[in-house]
Amino acid sequence: MKLLKNLLKSPMFVIGALLFLSTLLIALLGPVFYKVTMERVGAQYGAPTAQFLLGLDDLGRDYVSLLLRGLRSSLFVGLLAGVIATTIGTLVGIYGGFRGGVVDDVLNMLTNLFVVIPSFVVLILISASFKEGRSLTLIGVIIGMTTWTWSARAVRAQSAALKSKDHISLAKLNGDSTLRVLLVHILPYIFSYVFMVFILQVSSGILSEAAISMIGLGPLDTVSLGTILNQAKNTGALGDGIWWAFIPATVVITLLVFALYLINTSMEGVFNPRLRK
Amino acid sequence: MQNDILFEAKNCACKFGHGKKVVKAVDDVTFDIKDGEIVSLVGGSGCGKSVLAKMMLGLHHPTSGAFTYKGEPITDYQVHWREVQAVFQDPFSCFNQFFTIRSQLKSAFGIYKEKPSNFEMEDRVDQALLAVNVKPSEVEGKYPFELSGGQMQRMLLARIFVLRPKVLIADEPTSMVDACVRANILDYLMKLKEELSMTIVFITHDIGLAYYVSDRLFIMHKGKIIEQGAPDDVTQRPKSEHTVQLLEDIPEIHKEWIKR
Amino acid sequence: MAIFEVDKLSLHYLTRFGQKIHAVTDVSFSMEQGEILGIAGESGCGKSTLVNGLMGLFIPPLYPTSGDVRVGGESLMGRTPEDVRASVLSRKVSMIPQGAFNALNPTRKVKDIAADVMAAHLKGVDKKQIYERLKDRFDLFGMDTKRVLNSHPIQLTAGERQRSVIGISTLLNPQMVIADEPTSALDVTTQKVVIKMIFDLLEKGIFSTMIFITHELPLLRHVANNIAIMYAGEIVEKGTAEQVVFDPRHPYTKALMGAMLSAEPGQKHRKPTAIEGAPPNLANAITGCRFAERCPSVCAECKQKKQEIRIVGERQVRCDYAK
């Protein structure tokens, strides 16, 4: 509770959280107030009008509808990738840091291997190999499976620092199993770090999806902010000066990621006493 | 069964690090600890006394020499910890700050293969709290940070009253508390010995405290046990220079300490 | 003439719920040049709060209730922490804190930490001069100056760290030093080394007057000229070191002495007696004697009547029944 109070004192956090919450609300409640339609409603790349505020796309679809749909997809992909990456990373990191020795060395090597291999290249290769059925969920899973190394590294250091603490010794003397020690005696102490990493993983998931869709390897089953940009690129909207084809989507992605980064940095200031000053 | 040997170490050492940076925390120690006695390990900071204590608990392992409990090397720690338990220096760092003290005292039963019934567990926690002069209602629903240092040190001891192990390793339980609480804690240690005939290994840097509680004193310096014997022998006829030093360093009220 | 005077000082903390906790009540004493006053008591008796009050450092939630603190006749009350830091601390009154580990920034070398502290007090002195001064001073203590100054705190032993802290906080030759449990985190051998250093500083005239705070009465017997015993925010007994240690008159001081242990021959079977019970809650108003609940010689009257300081056997005692 005190933590939340401190967080609310930080203007960065308040701005970030409000921004993120409003995008979330727009994505969830937007379709309730705005008639979302994927049908053709006008001419190709029709300019913004009072009825269609952000104009029409290549296929004559309404951009506001597309953005609402796309925002929802991006949030979904980001959260899915974030949950997967944070879970894998936390498990690998917490166990490696706690066990130390050979187990830690092996897990560390595995982590470093994933760090060295550019995950984006792996992402492209895997996505490209799925010609059929490349769904949004699949992309989220792939992103999550390739970017967990951040979490693993952050959590490993924390877990290693905690393992020699007295309360861990005492938990062992209580006969607690390794799993219980990890979940009950280490995880709560590093939860703030895990949460911070989770925020970063979500934003990186959103960015990765946008990037991979942009180059044409995005989901085939739905619209995402990335596929909107891809379509704009493919039809040469950029060269023709059709600003409503790419600027609104770019602004939405930027705002979303910016909000998450604001939350992350402000949390670091509150969680880390050394930076508190 | 008095005077059975519990711990026995022959030329035991415990090293940390590799290559040139090897630190011999415990270096070639030979000793035994008998059933029912209070032995004090005395030495300055960094003398290896805490590492030796953790070896007895099985939290560190000897790198050479033979170290046995009841004649056998320690292999199954779950079994070992049913008989050998510990209290540490800083009680605040010993408890998980996210759970209530009572629930953590109860979780000590985890060391048993078969836990007693819930009613018996609650009852034993109540009894243990009363044994350290704390009314169970005083700590009901309390978290570690809500109690004072002296109370927390008692909670650590209450955990020992809950488990009633055969051996207690007390690693500097008095170095972070003031004189009043210190006398209190020593009282409880004596109570554990007298009422539950517990064997106690008491670790301290203050030879004065050690003299008061123990049946035998081990003086440690740079990883070695340089002197062992009965408290009166060691304090009145110290054989090593270091022991003389330790004795001189305690500010006694009746003795010249530092000239001004 | 007294160089340091404390006049009926009372301090309180303000909790988040607006409750006042009266941590220090009605403390008065004055110190002459060259005096070493020891203050002893259990943890939570208000010793550390008193230290902040004595230095005029009122940082919320700590507030002065009433009373005055005067250094060389100049009052410290009603001034901002910045003003006190700039004009009083380090020059007139300097503090040696409890844990040397917390006092030193782990990411900086000892000499840089010292330079930072000095730069805050001496305007327009360059780093080189500060290093020179630091080197001379550390040489004076017989420390391994070069190595210590160029080390990070973590590379030093606990004793070296504490001696560095003392060296830095006395660099400006303060008139008076307040030492708040400077040795309680150390082992007995290191404690002696640190105390020797403090005596060395006194002998060399780097400072002459000191308040030494600890819970170890036997240590105070060797360090202090005069001892004040605190209980629940009040001074309950004050006299010379010999008077208080060998012939305590207040029941609390007696109990405190009973809790001490020693390795003196023939003492092995003397049981130290702990004081049962706990000090009163200082958030409540207390009418009678604060020690009444735990006092072995309590009577009906002292539970009701507030005890005042009176002179018994040439020392101050806050107990109407002390003989």
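We call the chains A, B and C, going by the order they appear; numbering starts again at 1 in every chain.
Simple rule for what comes next: a contact is a pair of C-beta atoms (placed from the backbone, for glycine too) under 8 Å apart; a residue touches a chain by one contact, two chains touch by 3 or more.
Keep in mind the model is a prediction, meaning the values are calculated, not measured.
Shared contact partners of chain B and chain C, listed by label: none present. The two chains most heavily joined by C-beta contacts are B-C. Between chain B and chain C the centroid-to-centroid distance comes to 31 Å (mean Cα coordinates, whole Å).
Each chain gets one centre point, the mean of its Cα atoms, and the points for chain A and chain C are 53 Å apart.
A straight line joining the Cα centres of chain A and chain B is 49 Å long. Of all the residues in chain B, the ones that touch chain C in their complex are 44-46, 133, 148-150, 177-184, 186-187, 205-212, 231-232, 235-236, 245-247, 249-255, 257-258, 260. Contact residues on chain C toward chain B in their complex (touch as defined above): 42-44, 157-158, 186-192, 195-196, 199, 202-203, 215-219, 221-222, 245-246, 256, 258-265, 267-268, 272-276. Considering their complex, residues 54, 57, 59, 77-78, 81, 85-86, 88-90, 93-96, 98-99, 107-108, 110-112, 159 of chain B touch chain A. Against chain B, in their complex, chain A makes its touches with residues 165-167, 169-176, 184-185, 188-189.
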